[in-house]
Amino acid sequence: MPTSAREPLLEVRDLAAGYGKIGVLHGVQLTVGAGEAVALLGPNGAGKTTLLRAISGLLPRTGQIRFAGKDMSSAGPRDAVSAGLVHVVEGHRVFTQLTVFDNLLLAGYGMPRAARARQVEEALAFFPEIAEKRRNLAATLSGGQQQMLAVAQGLVRRPRLLMLDEPSAGLSPVLVDRVLLAAAKLREAGTAILLVEQLIEKALATADRVYALARGTIVLEARTDEADLPNRLEQAYFGQGAHAPLQS
Amino acid sequence: MEVTQTTIPRTSARSGWLASLEKAAPFLALGLAALAFPLLGDSYWGVIVTRACVYWVLVAGLNMVVGFAGQIAIGWVGLLTLGAYTTSAMTAGTAMPEVSPYLALVAAAAIGALFGLIVGLPALRLRTFYFAMATLGFSTIVTQVALAWKSVTGGGIGVAGPVFGWPFTGNWGFYYFCLLIAALCTWMTINIAGSRFGRALVAIRDAEVAAEASGIAKSQLLMTVFLFSGALAGVAGGLFSSLQSYITPDAFTFDLSVLFFIAILIGGRGSVLGPLLGALLLTALPEVAAPLVAWSTFLYAALLLAIVLAVPGGIADLLDFKNRRPLERHREVVPRPEMLTRLLGGEGSVLSLANVVLSFGGVRAIDGLDLDVRPGEVHGLIGPNGSGKTTTLNVISGYYAPQSGSVRLGDAVLPPGAARVRASHRIARTFQTPRVIGGASVLDNVKIGGTIDGHGSFVEAMLTLPRHRRDEAVLRERALLALSAVGLESLADVRADRLQHSELRFVEIARALMLAPSILLLDEPAAGLSAEEIRRLGALIKSISRAGTSVLLVEHHADLIFDICDRVTVLNLGKVLAAGTPDEIRSHREVVSAYLGA
Amino acid sequence: MIESIVSYGLAVGAVYALIGITYNVMFSASRVFSFTAGMLGMLGGVLGALFIGKLGLPTIVGFVLVLACGAVLGVITEIVAVRPVLKSIEQHLYVLSTLAFALLIQQFTAIEWGTEAQPFPRLIPISSGWFDQQFWLPLLACAATIVGLELLYRRTLVGRAFLAIAEDSYAARALGLPEQRLRLASFALAGIIGALAGFTGGEMLLAFFGNQAILSFYGFVPVALGGMGSNRGAVIGGLALGLFQQAANFLVGGIFAAVAVFVVFIAVLLLRPEGLAGAAASRRV
């Protein structure tokens, strides 16, 4: 991999996964360096969410996954979380019947009590808006606030790699910027990020490097500062047969 | 691939008297053995075999409910109790003047049917566990009532059972009477099992959504089956009380319910022979191993647990040698579109959506959508995630009722919601995840699609009258045609769950073609297919449209869309972003942006 | 007469309510309705009579042993009858596997303990009045269970984890919650509650293997009426059911009571399948 010179934090090789008889991913290769922000793009149905689920062990899969020097190929989500590989799932699925604070405490389930309390406060510090509402039920938060809470849950364990699945879905543009800003702050603090995003320009602005996934395999890998990226992405999306004229 | 001729191959899906003889052989053998049984002259075993016949009368009917429709009816002993007390009370004259036992048996059938229907009602709307509970509650309550209603049932003391007079007098006479009824029940349930009603029941069990889309009326069919099953349970109760010669509430323990239920599961769901063997086995087992009598229900329960966890298919699966033959490894689906003209045809009509709005809890999934699909065209529907493509299909096929706007096919306005009536408007569809009946053959799966075109009634099917036989012949011919058209005729007799994912997609298309649809809705048919398979699928879809069926295609594979569509509509946020020919769409700036999210 | 309707009705109702809560605790953790709820209630009575009556253990030791047996059976249920079929929950195999397991235990009890109802020992050596311990013990157990569950859910992290899994087990798994262990724990908890119901109701219902079917059904009625997963609904429904049954028994006779409960059950299922207090479920395409 010429574009990732650093020692990879996450290394995925020949990954295959699917639902029942339906194979969705075939031979996916992907790396994320320590502290790197990587965007995972692709048309819908390409298998981006499936890929994140397979990496975090929420879905059975075959192939090799190495994380922080350890083999995680057959690890479940619990092992992944405790190794520092945290997956914030799509659709801001927080626990609406619990308070904001309890939601965050649960994210630190199994940690020593003192450390948990400290790190919950740290996570809340990223999002002053929901810190104010820590005693409220998560059901009373707006969609954007719920998404922030979901990201904050992901931070409680001080992950080394945070995988965010479409944090912008269903949010207004202002909120999207806020969530992505939080991601950028994390990045500065040294957390690596793997971001699945529909809004390509926003994703490209946040990430150092980009993978495009189409038809269940990686069809493109590039640095975000490379020239002509939109055109190449488009070709990757629409397949080899399509020569979409992109003249504006 | 060996199939190159253009006629429908007869070798794969065997027909004719040889096949039916092969199917009937085990039943004939059992019947002959039962007829000859009295020659042994063993009156002790005579009672046991009579009991097996009585149990089978109930189990045969219950099999339609449990084995075919998949409804977990665990308290059917309640109906047996009801039938037994009805017959006994009527012949003993505790509630009204005495009547002939034969007449009382008919009354027991009627009462059983009525209560079968009442107990079955929750199954029409609710999930399995509630129905199981309702039947359990029913059996508990019937016993309580039998104990308390002393004037009619004699309470704990009991009441004498009926004695059947001429021509079925004496122990062996009664045996032949029970055998006759048991044989009749076997014959009727075999007929139902092999009819479009039997297949529809299995479809409700294993692929309910697809059954609905094929126009199968779940409530009506289940109610019929509950009536049928209740009637048989009532008759079994009448015979049971005569066999016991004296009945008390103690005779109707929950253990009996367990026996009936487990006989079916041991036998295997969706089979008649399996549960028959299961009922015989469970009735005879405690007799063969006398020390086990006290433990028999314990063993049944252990058997049930083992079957559920280890062999969900039961005896029928173990006996299904045909489906253990290995399939050819490198199979290819090669559609033969030239068959389509024999299957489809007729004038298409325009499908038009006007100003359709559908929101879920404040989010507008479809926001004022207009869409026209013209006869004979392939119309692509594309757009980013959450743009409302599948939701649109679900509105057209009636799974969602839009808040406003209309859906028309030609001159007819399609009622909002009401998925089941879509089939009668000749609207067919496939699903993102193929919804097929894994345990049924590919041919039977395809026949499901033609269910609404049958003319014969349930009773005609049960008695295999001419109109029903004509229905079946037509269905079979069309199903084989549809299978040849999609290129799966060589797999017609194979269980569907042995097929690969890509083949299941073609099975779904064949099933949809059975309707001779005026419009076919395809929901991501190319997902999970190889490049070569996608090419063949594209050619098939194109030919379907040219044979007169318009196609509305939701798909992520942009190359397939641009390859075969006559027109493409692009959705974004529930609205039409662009519409036009593939070339127009490809050069449309906003479309490219929507896809790239800029 | 009115005293005996109220005292007996409330006491039986409390037992139904506890069985209903047993259903709920298992359901919340696994989306599975388990037929073992009635079995646990039946065993609470039989084991109590065995340990204290037959073996002569001190009451408190017998009590703890009964609850421990309930917990162990809950765990076995999860391992044997629930976990193997969870993957294909839409096939409803759990109905069969939990039924089979419950029947196994019931038959074993019938054979080893006998099919006759046997007396349950008096737990507290005080004389009886019109509001005897056999009536207030189930009510006390019911109140203690409700308070205990409330404390568990509101005050401890484990309790919140139960709530989280009940609401969204996928998100809970993604967060790294030990879903399987928590499910096991809630089956153990359900086992304790079910056994407690049978133990405290033992003197009234006797130690009888046939209680299983009755408790399975009448314990489920409040769940169906109150909405699945709602403990408040189960308690209100259970007490109402107990009172109604006793009143009808006294006033119009047993046939009417039994038939009326069944008719109400079917009618509620048909008219308000989500329960009298529940919310409607959504579609599945």
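Residue numbering begins at 1 within each chain, and the chains themselves are lettered A, B and C in the order written.
Note that in this section a residue touches a chain if its C-beta (ideal position, glycine included) is under 8 Å from a C-beta of that chain, and two chains touch if they have at least 3 such contacts.
All figures in this text were calculated on a predicted structure; none of them were measured in a lab.
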item: Comparison of A-B and B-C by number of C-beta pairs in contact, larger one; value: B-C
item: Chain nearest the overall Cα centroid; value: B
item: Chain A and chain B, separation of their C-alpha mean positions in angstrom; value: 43
item: Centroid distance [mean C-alpha coordinates] between chain C and chain B, Å; value: 35
item: Parts of chain C lying in touch with chain B, wherever the complex brings them together; value: 33, 80-81, 84-85, 92-93, 95-97, 99-101, 103-104, 107-108, 111, 213-214, 216-217, 220-221, 224, 253-255, 258-259, 261-262, 265-266, 269-270, 273, 283-285
item: Parts of chain B lying in touch with chain A, wherever the complex brings them together; value: 363, 384-386, 433, 500-501, 504, 524, 527-528, 556-559, 562-563, 586-587, 589, 592, 595-598
item: List of chain B residues in touch with chain C within their complex; value: 70, 72, 74, 118, 121-122, 125-130, 132-134, 136-138, 140-141, 144-145, 148-149, 209, 254, 258, 265, 294-295, 297-298, 300-302, 304-305, 308-309, 312, 394, 399-400, 431
item: Sites on chain C touched by chain A in the complex; value: 157, 160-161, 163-164, 167-168, 170-178
item: Contact set on chain A toward chain C in their complex; value: 56, 58, 77-78, 80-82, 86-89, 93-98, 102, 105-107, 109-110, 153, 157
